[in-house]
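Sharing a structure with you now.
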Amino acid sequence: MPELTHFDAEGRAHMVDVSDKSETARLAVATGWVRMAPETLALIRAGSAKKGDVIGVARLAGIMGAKKTSDLIPLCHPLPITRVAVDLTPDESLPGLRIEATVKTAGRTGVEMEALTAVSTAALTVYDMLKAAEKGMEIGGIRLKLKEGGKSGRYEASE
Amino acid sequence: MPELTHFDAEGRAHMVDVSDKSETARLAVATGWVRMAPETLALIRAGSAKKGDVIGVARLAGIMGAKKTSDLIPLCHPLPITRVAVDLTPDESLPGLRIEATVKTAGRTGVEMEALTAVSTAALTVYDMLKAAEKGMEIGGIRLKLKEGGKSGRYEASE
Amino acid sequence: MPELTHFDAEGRAHMVDVSDKSETARLAVATGWVRMAPETLALIRAGSAKKGDVIGVARLAGIMGAKKTSDLIPLCHPLPITRVAVDLTPDESLPGLRIEATVKTAGRTGVEMEALTAVSTAALTVYDMLKAAEKGMEIGGIRLKLKEGGKSGRYEASE
Amino acid sequence: MPELTHFDAEGRAHMVDVSDKSETARLAVATGWVRMAPETLALIRAGSAKKGDVIGVARLAGIMGAKKTSDLIPLCHPLPITRVAVDLTPDESLPGLRIEATVKTAGRTGVEMEALTAVSTAALTVYDMLKAAEKGMEIGGIRLKLKEGGKSGRYEASE
Amino acid sequence: MPELTHFDAEGRAHMVDVSDKSETARLAVATGWVRMAPETLALIRAGSAKKGDVIGVARLAGIMGAKKTSDLIPLCHPLPITRVAVDLTPDESLPGLRIEATVKTAGRTGVEMEALTAVSTAALTVYDMLKAAEKGMEIGGIRLKLKEGGKSGRYEASE
Amino acid sequence: MPELTHFDAEGRAHMVDVSDKSETARLAVATGWVRMAPETLALIRAGSAKKGDVIGVARLAGIMGAKKTSDLIPLCHPLPITRVAVDLTPDESLPGLRIEATVKTAGRTGVEMEALTAVSTAALTVYDMLKAAEKGMEIGGIRLKLKEGGKSGRYEASE
């Protein structure tokens, strides 16, 4: 049975010792979405064209969110992030915005949490900016899509 | 067509003026979940009993996350939160953990974003603590369930 | 001779007691600029049209900077800001960007520092995004333009 | 035409990938000033001698501000700063205080923004402590004076 | 038997609901000390006179620490602090520095934690600045001395 | 006479230059305690068994506090912490809780301040959660127990 590494032998939470891990190049990609009514999505499109730039604000929030990961997640190690990119793409079939975040570092632990936090923060920011128009939006599909580097190696989500 | 209040007439992002709103009692409840393999959920249950307390750590992360909302979400107003409670409940039918956050304030704007941020942060923390066991977990169903107070009044999610 | 209110009778720094001040509506407007080569300004204009949105990013940074004021300035009181707006306008005669920030609160102290911090943060962000093109840019003209509310009343910069 | 590195090919803001840059010793020196009435400057001098130490408080604020740079500036990379020094010198000819900040790191990107942020934060703190005496002070002359290390090499401001 | 208010009926940690408490004037005073060798204390005295100002730096750190209380202590409510003062006094009989912090607010909960956090942060800062001279210093005596305001009324430490 | 390294030759506070120090494995262990009435300690024991988990919350607060050290202590360098563990043990003879924190890094400066900050934050959190039951608790005995790595080498507290 796999071990819960964030707890010691007595079950006490701790920040795992990564002192002996080597600093390697690490990459993580996470995805998620915000589902909304078609009219709300239309507002975003209209806004991007000539009024408010919902996508631009959410992208920036996601990037800044990635930098706050170790402050938000209690047992996360602080990491010197070397790249963050966040993209938000309208998808009529959802309908809503699809979000993807890519984070890189050269460090002792992976950046999965940074990528997932970037997606979450961008999604929450989308909700904030559109909530006056629609309160029933839903945030979901937040998953790790890809992970490279480190001892456990490459992981790619099945579907 | 509803207005995007976070943008001014020229489409520039701003923090909305709430100076003239009255300070009223406000409440928001948000929900979400983390879906995982049955074996991962079994780990949590085993852990709560005698090893690591995943739920206890995630609950605390959610409470502290609510206090960071205006730091994370660019156009959110800082608010003097008066109550935060976060619950995580195992659900075999998911399978995974269901999360619910309740936030209260006496302020000029609502606490929807605080409740949603609490749920998100708790969910990310669950992922962090269990990712050594399963990388394919998914975070979803993040929605506003209930909102009370303020000029726009009560909102309750349909389902 | 005016007193330095941030020091007590023995010259020790402290955060001034505002407990007995009443909560009134307060407003502050601050201005500043970033001076750059005409070619750098041209880059911003080109970017806003179809590449990177320097002004949009700097505006958001200024708004978020205002919320961090009491964290940055040692003797500043934390304040429940009720509005922040930051505008950046290209000015060929500078040449560069002119910045103006407006902050409101209903509180016991003024928001001059919040408005000045918003301008500073927006200016630093402009420098950051353009420094690959020009390292010699200068930030200046950071001043309080207008202040309303509170016991000391209205202040408007002479010129 | 120089490129705006903080935007990708589609003009979307991102945090530039510095993963492949080598960790080298880097230094940056930035300067700025706070201009004030001669009587206000006299207050600082009097204070340093026997009442409040405006310069000491501003110096510390500048040092702490440098550490917050990546939190304030959206697209800045977090960096392990290895040295910060901030000096504030009274200058009767200004009249006011001249500020200079020196920052060092061994990292993948430069510390220009950290030095500029240190100067800005120190200047804002001076304003805060003296604003009860004079609201018309002006912050200006914020520039990069010197930069060493990294691929782009040494830069020294012309004048 | 007194209740642990930070846990609900099922023993789950939460941030206590203070929505129905009235906003009243509240005051707390906390104390503590840093014990050190007489030679280390002599260094502080010498420094204050003509070299480094240990006491001035620690005082400022204490004031800023008070503002971070709700960020540090998981179940603390964010509060609009209206006054913070921190004093450090050399005491040859300790030998070392005695620290006292006073915090005020007009809020729904008390400021005991803010005063205790100010003392702790000032003490840690003293340790940091003197640790090159003496690693064996001890921080102790951190207690609430006085509390006023709120439903539970006045509390004064017995001795 | 030992030097106060946090001040330069003119006595000005600065963040010491560690650029030329090598990155080595570093460890620090700090201890402290919270003294309370036997009945309060009994509350903790009862709580851990079936109601609120005071020790679990304080442990997490201590771990997160370690990550905030360079934000709290003005002249501390930011460090990439690689491990934090915090233990709290009931001690009837105190009576109260004994706290021990262990921090590791691979960096240019030691982690004494991180370990001491973890202990302090855990202690303050214990106070916060129990203050409704007893206001007279005392925090003390905060000391460095062990330090390894770096040029100054190993230090172990005498007793």
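Labels A, B, C, D, E and F are assigned to the chains in the order they are written; within every chain, residues are numbered from 1.
What we mean here is this: a residue touches a chain if its C-beta (ideal position, glycine included) is under 8 Å from a C-beta of that chain, and two chains touch if they have at least 3 such contacts.
In UniProt terms, the chains line up like this: A, B, C, D, E, F = Cyclic pyranopterin monophosphate synthase.
What you see is a predicted model, and the numbers here were worked out from it, not measured in a lab.
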{"item": "Graph separation of chain C and chain E (steps between touching chains)", "value": "1"}
{"item": "Intersection of contact partners for chain B and chain F", "value": "A, E"}
{"item": "Centroid comparison with chain D (C-alpha atoms), farthest chain", "value": "B"}
{"item": "Winner on C-beta contact pairs when B-C is weighed against C-D", "value": "C-D"}
{"item": "Length of the line joining the C-alpha centres of chain A and chain B, rounded to whole Å", "value": "15"}
{"item": "Intercentroid distance (Cα basis), chain F paired with chain A, Å", "value": "31"}
{"item": "Where chain D touches two or more other chains, by residue", "value": "12-13, 53, 56-57, 60, 64, 68, 71, 74-75, 78, 80"}
{"item": "Chain contact graph, described as a line, ring, star, complete graph or other shape", "value": "other"}
{"item": "Which pairs of chains touch, using the document's own definition", "value": "A-B, A-C, A-D, A-F, B-C, B-E, B-F, C-D, C-E, D-E, D-F, E-F"}
{"item": "Parts of chain B lying in touch with chain E, wherever the complex brings them together", "value": "25, 56, 59-60, 63-64, 66-68, 78, 80-87, 104-106"}
{"item": "Residue numbers on chain B that touch chain F, as the complex places them", "value": "53, 56-57, 60, 64"}
{"item": "Partner chain B, residues of chain A touching it in the complex", "value": "1-7, 11-13, 32, 39, 43, 47, 50-54, 57, 60-61, 64-65, 68, 71-76, 112-113, 116-117, 120-121, 123-125, 127-144, 147, 155, 157-158"}
{"item": "Complex contacts: residues of chain C adjacent to chain E", "value": "8, 12-19, 70-71, 74-75, 77-80, 107-108"}
